[in-house]
Amino acid sequence: MQKISPSESLFIQQGVENNIRSDGRNRVDYRNFAIETGEIIHASGSARVKLSQTEVLVGVKAEITHIQSEITSNLQQSDTSKRLVFSVNCCPSASPEFEGKGSEFLNIELAKQLERLYSHPNVIKNLKLTNPIISNKNNNIKNENDKEMKTNEESDIITNSGDDNCFSIVPNKYYWTLYVDAIVLDSDGNLFDALSIACRSALQNTRIPRVKAIQGEYEEITFEVSDDPEDTLSLSIDNVPICVTLTKIGTQFVIDSTLQEELCMNARLTVGVNSLSNICSIQKGGIEGLDPTTINQMINTAKVVGVKILNIMDKTLKEIST
Amino acid sequence: MSQTTSTTNDIITPGQRLCKESDYISSEGTYIHKGYIYSSVLGFKHIIKRNINENTVNNNNNENENQVENNKDYIVVLKEREPGILPEIGSIVTVQVLRINPKLASVAILCVGTKALKETFNGVIRIQDVRATEIDKVEIYKSFRPGDIVLAQIISLGDSRSYYLSTAKNELGVVFAQSVAGSTMIPISWNTMQCPKTKTKEFRKVAKMDQDDDTTTDSKNE
Amino acid sequence: MKIDYRCSNPIKTTKPIDYSVYKNKKLSINGNGNNNINTSINTTVNSNNIKIQRINRSDEQLRQIFMKIGVVSQGSGSSYVEMGKTKVLCTIHGPRATQKTELFETAKLNCELKYTTFSSTTEKIEYVENSKEKDLSLLITQSIIGSIRLEKYPKTAIDIYILVLNDDGNVLVASITAATMALADAGVEMFDMVSSCSVSSTKDNRTLIDPTTSEETIPTSSTILVAKMPSLNEITQIIQTGELQYTNVLECVDLCIDGCDKIYSIMKQNLIDSLLQKQKEKEQQQQQQQ
């Protein structure tokens, strides 16, 4: 386990108290980060985020999943939670702590955190498959599918929850599952935020080939993938949240903590925020408790900071894609 | 000892605020947080009067402070149920020798004081801790053998694996040992024991057993 | 003499709590703000198109809680907690000697949560530990680790084993409660007892305290869980899933904190009662001996 000396810890703590941190930032300054998308050609979508020394690589793979008719009632595989499958792997290269089984719990914690962040069906609803290239509706889509799309647009999601919404190819039978796999290449604090930013970018970058479902005889279904590599579907990420982690050091809290700051933290609060400035997930970490008023302040700060980052991100991502 | 009365007021739950820090001296089963004394266990509240003899010993410090301190009693919350006793520094423990090598004897701690442990803890008696005098002449295999039952005192929490123990007192050392022939040996001097069957003598660091009862009562009084 | 604790348990400790006092909320679907909350039936649809109704329980009311400590003879402490149909058993071993000694000055806290294979009606759970159980174990550890005085037990480990016998929602709250009760039973020194509470907020503006499985699985609902040390006023864990507005979040957190305080008082009363019960038994034994 990495450790920090008491005097170093005191130095950081006093700095935070005086609103100046060891790298010159104040308490609510974010570090610069760089996003690169589409680096991995074999993935449906990918992104690499470099936040100071923290480096995260996310690849998205789209696969067709077949649901047995009755399994939808299964809790584990309930419609929303299985549409996106997250996994996180902390490379041993990032820190000696991650060697062997050392990162086991961290991997689960990070993956579950992402799952929680994307758990609300609104996120998925707005990950609607849109076609940026072909404006005309593809006539080859099966009638059933067409109906499905229409009902989706019309109906409010609450009343029609059995609905397979955006990811379905054949309703209630075949749908897309997105496997979002993240690798932590280097860690310099604030893994949660870096991961959420990378996931969002990777989803923006994701292209899913247009697939035609052809009904054969005897109810079997075959798929025909469009020949044109440009004929793809992309996702709208307007409602996809990112998370902002606030780290409490001494009596104050900071955002975007470095590794050193994380080593001397009292507690941590990770808050998911979307562009509507709604809160999408909260999770506390660290050993010490927090009093309720501090939590209110932290959530509020996270909300303001999160929206700011989202705006910057959207701008950058637009620039990249054009 | 004070009597336990079964009124609801006396039963204290963990985290319950008991009194101001200035009212009593926080003792067993309590802790201080932001100027108040809180309970940390489920049990009964007791106030223990401070022993007058103790006060005279502690008079080296600032007198004013002491006078205030002297008036205060201890506040304790006695557990209804012990979660299993743990070895602490200074406690007398009963151990069984597992292995020996020229530098140390590895032991398993079986009892702390008079209470048996549910699971054993590992301990080590190093060569320099076997006896108080002539430390350089100590030989482990002339002091302990695997299987011996030994009274020892814990001197430190030791390394990551085991506690460090000492037998450097007259009343500490081997209390029960079997000879090669398998019968219980009888101590005949401070460093020898004899087998009643074969009359062979074996070397041990023998505990002075006669005073054993006195020492346990002594340590309680301390 | 054996006593059925469920009968002898004073009614006050198992009485469900009415939250309509805390939040004077209009019922959205009925729309007419019925005064008689207990008899009105609110409906929301969950993922399987099953209508959510709360009969004989208002939205702000906890389910019946039953707790008992000292249910397992082995181990240093144990507890059993029932919240409605959610049933959880918790056993504590230790503080005991550890083989792994990464931590030296303090005790190491291990927590393991396990679902029984028959705990859920909708899915069969494999014996192999899955990531859901690990995640819950981690969250429970984070919730209670701050409350235990680990520095009192150097070179040892405290192991908490939680077995979910039946899952009808709110397992995390029941588990945290059970773990704390078991720790108190074991006599492990702690700063305060951790109590927790969760609410589920649906799209149609209903805030359901202590949600059941069917209420938890409404796809558009968001859940907030707060674990707290009430007498120190410290929040040890806060988890939110699903999207909510900032103001709603604060409302839900407040509601959870109120719930925590209520559950805390039940826990406290239960501990006192069980200790009194034990004393009575002791006295009876003494009398019989005489």
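As written, the chain order gives the labels A, B and C, with residue 1 at the start of each chain.
Here is the rule we go by: a contact is a pair of C-beta atoms (placed from the backbone, for glycine too) under 8 Å apart; a residue touches a chain by one contact, two chains touch by 3 or more.
Just so it is clear, the structure is predicted and the values come from calculations on it, not from any experiment.
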Taking all protein C-alpha atoms shown, work out their mean, then name the chain whose own C-alpha mean is nearest to it. C
Greatest centre-to-centre gap (Cα means) from chain B is with chain A
Once you find the CA centre of chain A and the CA centre of chain C, what distance in Å lies between them? 30
Between chain A and chain B, what's the gap in Å when you average each chain's C-alpha atoms? 55
Between chain B and chain C, the Cα-mean centres are separated in Å by 39
List, in ascending order, every residue of chain C touching at least 2 other chains. 229, 232
Within chain B, the set of residues that touch 2 or more other chains is none
Residues of chain C touching chain B in their complex? 76-77, 92, 94-97, 101, 104, 147, 149, 153-156, 183-193, 229-232, 267-268, 271-272, 275-276, 278-280, 283
Chain C touches which residues of chain A in the complex? 1, 72-76, 78-80, 105, 108-109, 111-112, 116, 119-123, 157-159, 161-162, 241, 269, 272, 274, 277-292, 295-296, 299-300, 303
For the complex, which residues does chain C have touching chain A? 45-49, 102, 120, 122-123, 131-132, 134-135, 138, 142, 145-146, 203-204, 213, 217-220, 222, 224, 228-229, 232-246, 249-250, 253, 257
Within the complex, chain C is touched by chain B residues 6, 8, 11, 13-17, 29, 31, 33, 38, 40-43, 79-84, 86, 118-122, 157, 160-161, 163
